[in-house]
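By letter and in written order, the chains are A, B, C, D and E; residue numbering begins at 1 in each of them.
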């Protein structure tokens, strides 16, 4: 019984949150990695793209709810998601047309595109705040939990509870599906392969009759879909706030890079690496050990390797160690 | 004559969601005074907003310098975060001899900063709050608590002050873990907090920032269900965001049973912002103090009125509440003393900071309400 | 005389805003023929090929394909018109597998191209062995084979090759030339730049010597091979 | 445009901007912007050295800048009374033990034959070392942090002139860069970038959480200055007399005086560094660096020790950022670890380098000053933009209020817009490399 | 001069060099031929320190140089060119050459700041030398051109030119001839012979042009599938059945289809 309790504690505070957070990062990282893989730059505006898509979805959700349409136990936002994706598509395609295209045709160095994307980030930052403001917005409705901590305790009679949120489940599933689809798309379909060809050698792609404009458009549309989905799922699980979405950028980049830039599989792996290194290394084992060890050995202290103050430091340290052994990420990423 | 007052707050950055109400509070007071036409023979008061960014000391300094030298403000209402407040004080206010009243910088370190008598705050130092929290917890019989704080001078200062006080009073702090604001996920912090255990979780953070994130995660995982909420955590958004989930949670934030706070809320409603938003009342008071001191000195020059801030804020004199600035100006014009209470029961002590009256709140039926004063 | 199938007619032009590299240079190829361009390094051979393919601006002159003026089409539109090109450098997708490189060659084809692929593998057996390897990991000569194979996959109406035999071993070179002859004889004109000039001129129906962006000599392959001046200056004696 | 006239013209333009700011917004404002601009220019110079010269993608600038700031505290503040006695030695010895543990582990890795024994020994050294280190180190920390925590609670500094902290800040950053370079410089492009970013975050985490060192997030304020305080000047009768003689109000004059003194100090440092960078770039050393940037494999085959050169330039560039960091903390008069944000201290510096023109020292300097000017001035510009845009709207309409409310956020939007415009018209930066 | 013993280099499971053993005699011009993918370039890369061998040993004049980094080998007098040209694309042709010599005093920062007189003198000499090489390569008009803008063949020339900037002991040439005009290639051949005779350089030359090999090389080594297949004079090699089958072939089969004029 105690062992089960220990496992439940671990699941509740480490495994479930880690999985969910990892999947959230992974979804964001998929978008980043795709842009890097095909268009060959690190897109700093990704966090704000996510915020934009989410903002539009929130507006749609509010309209739906006002009209009395809901999605049963699932969050209404999922119905409004296509609207958000469509709007984000327009936004990123417009950005590409007005901004990025110029540098692409000029064959500007990747770092210029990175800086340009920072400019775009600043602008999107303003737009998002203009549309929806700066406050914290909670737009999750429907059934919040699949299992609540209390419900679990009552059902199992254990001392410890286990909570699983609906959004956590959805996020993990969506992330895995998105990764599989993207992997299949890039490696098996004609359009996908032409996208990889384009990213490899643009001139030669042209000579093979690949339409570069089309490749770029498809890339952005997929990115828009991924970014919006990621943003909405994250917002449903936690809450929406423009500033936080901007802050999400760093862990997302870390995930994409540690997994190997350009690799969908890597994005997923990277997301989980970052998430679990944040959650596990600073975990205090007191409670778990308290169940496992005999009474007299149960620890007084927290049994914590590092205080949570260092949670980012530790996750970055792990990232660096991974890179030292795998210099282009877990799944052999690209580098420009 | 046109008197200009700088409103230097973090309109962008981590506090961007509470600063609009703070600025609105300050500007409400200015509008009130302008309308009365009683300051310095009918002077108008205009606000000049500048962005402190809350975190970028250099940008904050440049912005403050600009409002002083370019816009010609004669006093500053701000800044918000203790870090930039210190920088502006040293690099702009002191060199230019400009009075600065911060509504929200609560770091204990600012009490001893050199200020040439130019710096005041309508918020209490966090050293005081540590005592209040200890008292409230122990009165309710909690002796075993966990603490999480936002990792800045406010959070850390408050957490340290509280822990020292609480332990001296015989309580146990099982863990004191920092959380960073604006981050994506707080599972790690909640994991550690849950493992350490405790009857109550003291959340020394911001309601619009990581503080809420930690509460959300703690509630969802069932790690804690009772929280103590210090000043930065009390805000009406809690009602919408958590509602009944927080029933039983309690806390305290600056305020008195003086009718000022309630008055202010109604006034704010009329002006179209939320008067209960954190530090909005303090902002109104900071601006009001500046203008009353000007009236008292008969000059909008900082060098002249800096010595009158204490006079108008404290006894003796007729008590002044929000919305009564015209009355106060009349009294001052008539040569009488005023004792500005304002929206947050201002009472300046020692180095020019609020004495720290707190109102205790508790959640019941999904909303919090004031249950007493300390 | 009727118009050749593909002709770059008195082309003048250069890279970007730089000076002109080509000065009134003409190259053309008839159906079923092999045309070879030779010349010193930096003469503008590759530049002429790129000009024909629309990869740089031609300030004056025209490019016509089957009588149609295509001077202003993008390279990609020329591909759709049936032109295939193997550039001299960076002519493979290094991060993609050999097979994917070949598939990309067939990108504009909607029909089943497995038989073409089988032919390419027949021609270059080593590629079949390495078909799941990233092309960037191949040896220099193997890469060259991939590049040519990619162009063959297009089933083009006209094929342009920039030094297809650079770095390939003698045996592969012979096979490649054999194959080029076969392809040409099926009616597909082939325009090719070669530094292995003697072997190339032997199979050329028409040959151009370019010097400093201008046509210096033109004739059949045999004629140029027989010209002592050409031999000495351009074919290494 | 001819680069020979382009650069002077652009610098002239920046001068006009500064003078314009002085006339419109007051000289104090203009000088304040100029001073931070000079510091930014130095940071940009450091980054340009790494990226423009050697192609090293370092986005850990923030960490080195922060280390410079730490130097300012450790050099200039007075030692905390009783801190050394209470726990200073524990900390020093603890740190030494920690360092020895790491060295021991590295030695074990190098000296022993590959195999399970090696792994076990290394692990044993690390684990034992960690506990010994904690056992010595922690009591020291506790003791020091207990000393009057609300105003000090840290070890304090050496009470030396703050100017000394500028070179020391450089050294501190160089030391960190050496360690980082030794471990991470093998990584390519964005992988190196994220590693350096990570290390910067680690440095900041240490600064934020090791209260004994520099009070952590509780900040150190009121640092010493290399120039007189304005108040002192205002109270100095000769100064006041002179100011009045010049027709200036003494308060304004004192501000201008101190700021000019800072400007002079910063300009000297900038000019020295610029001269050094310029000489280096134009020498065979610079040629070698460009060759390495262009093609490492070939440079290796041509006998150039790429690894050593990378390390060298990484250290140099980081040291320059460290110097700039110390200068900035000196100017601010305080160290606030919470204010070190990647956006501000890393990415903004990168924007400076790229907009200025990477690979070109003058470009970096120009970018540094210009972008900083923008960063400060976009705030009023954003507000103006919103006012202009909304002026056509009906007064008091919902959209208009919305726009004015959002004006603060137009600061970043304006910044982005201006950046994009600049990069549209000179995609390789304002003063491109050749 | 160089002895390679049982060298193996694997990529994943693939053995690109599979136990090759060979000797390169001091003062010789050794030809290295073999089918595409035989492992010639890989062998070069291992000897030159670009790749680490999986197993085996390389010695140079008795000294073990296995796995030394390229820059260290350069200082021992071992130079190489690249099959796929590795020019410094954003630098001018002249700079490409001037950066080659080792031990330039201007390559230390200290001198860059405080030894500028000395640098100027050295630079002048270097510049003259580079111009000589450029003239030899017949690309005078491109001195100031960015190397990235050169034609394919010109880049190969530049590769060769770099080896002429210093006094090497042994030079590995990886298909310098591919893409180079045959007339110029003859001149290059002459230069190689001259360097070999006058300065006693040892050369190892990978080439697929048998005329070129025939004119220059003795002995010739033929590799196949990562191993040495045959060794001897070119005549001997040409007569080797295995070599013909794997490498030389028997000429065009479609000769008859070529139009006769």
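The rule is short, and it goes like this: a residue touches a chain if its C-beta (ideal position, glycine included) is under 8 Å from a C-beta of that chain, and two chains touch if they have at least 3 such contacts.
A quick note: this is a predicted structure, and the numbers were derived from the prediction, not measured.
Counting only chains that touch, the fewest steps needed to get from subunit B to subunit C is 2.
Of all chains, the one whose mean C-alpha position sits at the greatest distance from that of subunit E is B. Across B-D and D-E, it is B-D that has more C-beta pairs touching.
Look at the CA centroids: the one farthest from the centroid of subunit C belongs to B. For the pair subunit B and subunit E, the distance between C-alpha centroids works out to 74 Å. Rounded to whole angstrom units, the spacing between the C-alpha centres of subunit A and subunit B is 35.
Between subunit C and subunit E, the centres computed from C-alpha atoms are 27 Å apart. The geometric centre of subunit A is 30 Å away from that of subunit D, both derived from CA atoms.
Contact with two or more other chains is made by residues 129, 134, 307, 309, 312 of subunit A.
Subunit C has no residue in contact with two or more other chains.
Residues of subunit E in contact with at least two other chains: none. Touching pairs of chains, sorted by label, consist of A-B, A-C, A-D, B-D, C-E, D-E.
Residues 11, 33-38, 40-42, 83-84, 139, 142, 149-154, 156-157, 175, 178-186, 208-211, 246-254, 257-261 of subunit E are the ones touching subunit C in the complex.
Of all residues in subunit A, those touching subunit C in their complex are 190, 193-194, 196-197, 199-201, 203-212, 334.
Every residue of subunit C that touches subunit A in the complex is listed here, in rising order: 53, 55, 74-76, 79-80, 84-85, 87, 90-96, 100, 103-105, 107-108, 150, 154.
Chain contact summary for the complex, subunit B toward subunit D: residues 11-12, 16, 20, 49-51, 55-59, 61-63, 65-66, 68-70, 82-84, 86-87, 90-91, 94-97, 107-109, 111-114, 116, 127, 151-153, 155-157, 160-161, 164, 178.
Across the complex, subunit E is touched by residues 15, 18, 39-43, 45-47, 88-89, 126, 137-142, 144-145, 163, 166-175, 177-178, 181-182, 185, 195-198, 202-203, 205, 220, 222-223, 232-237 of subunit C.
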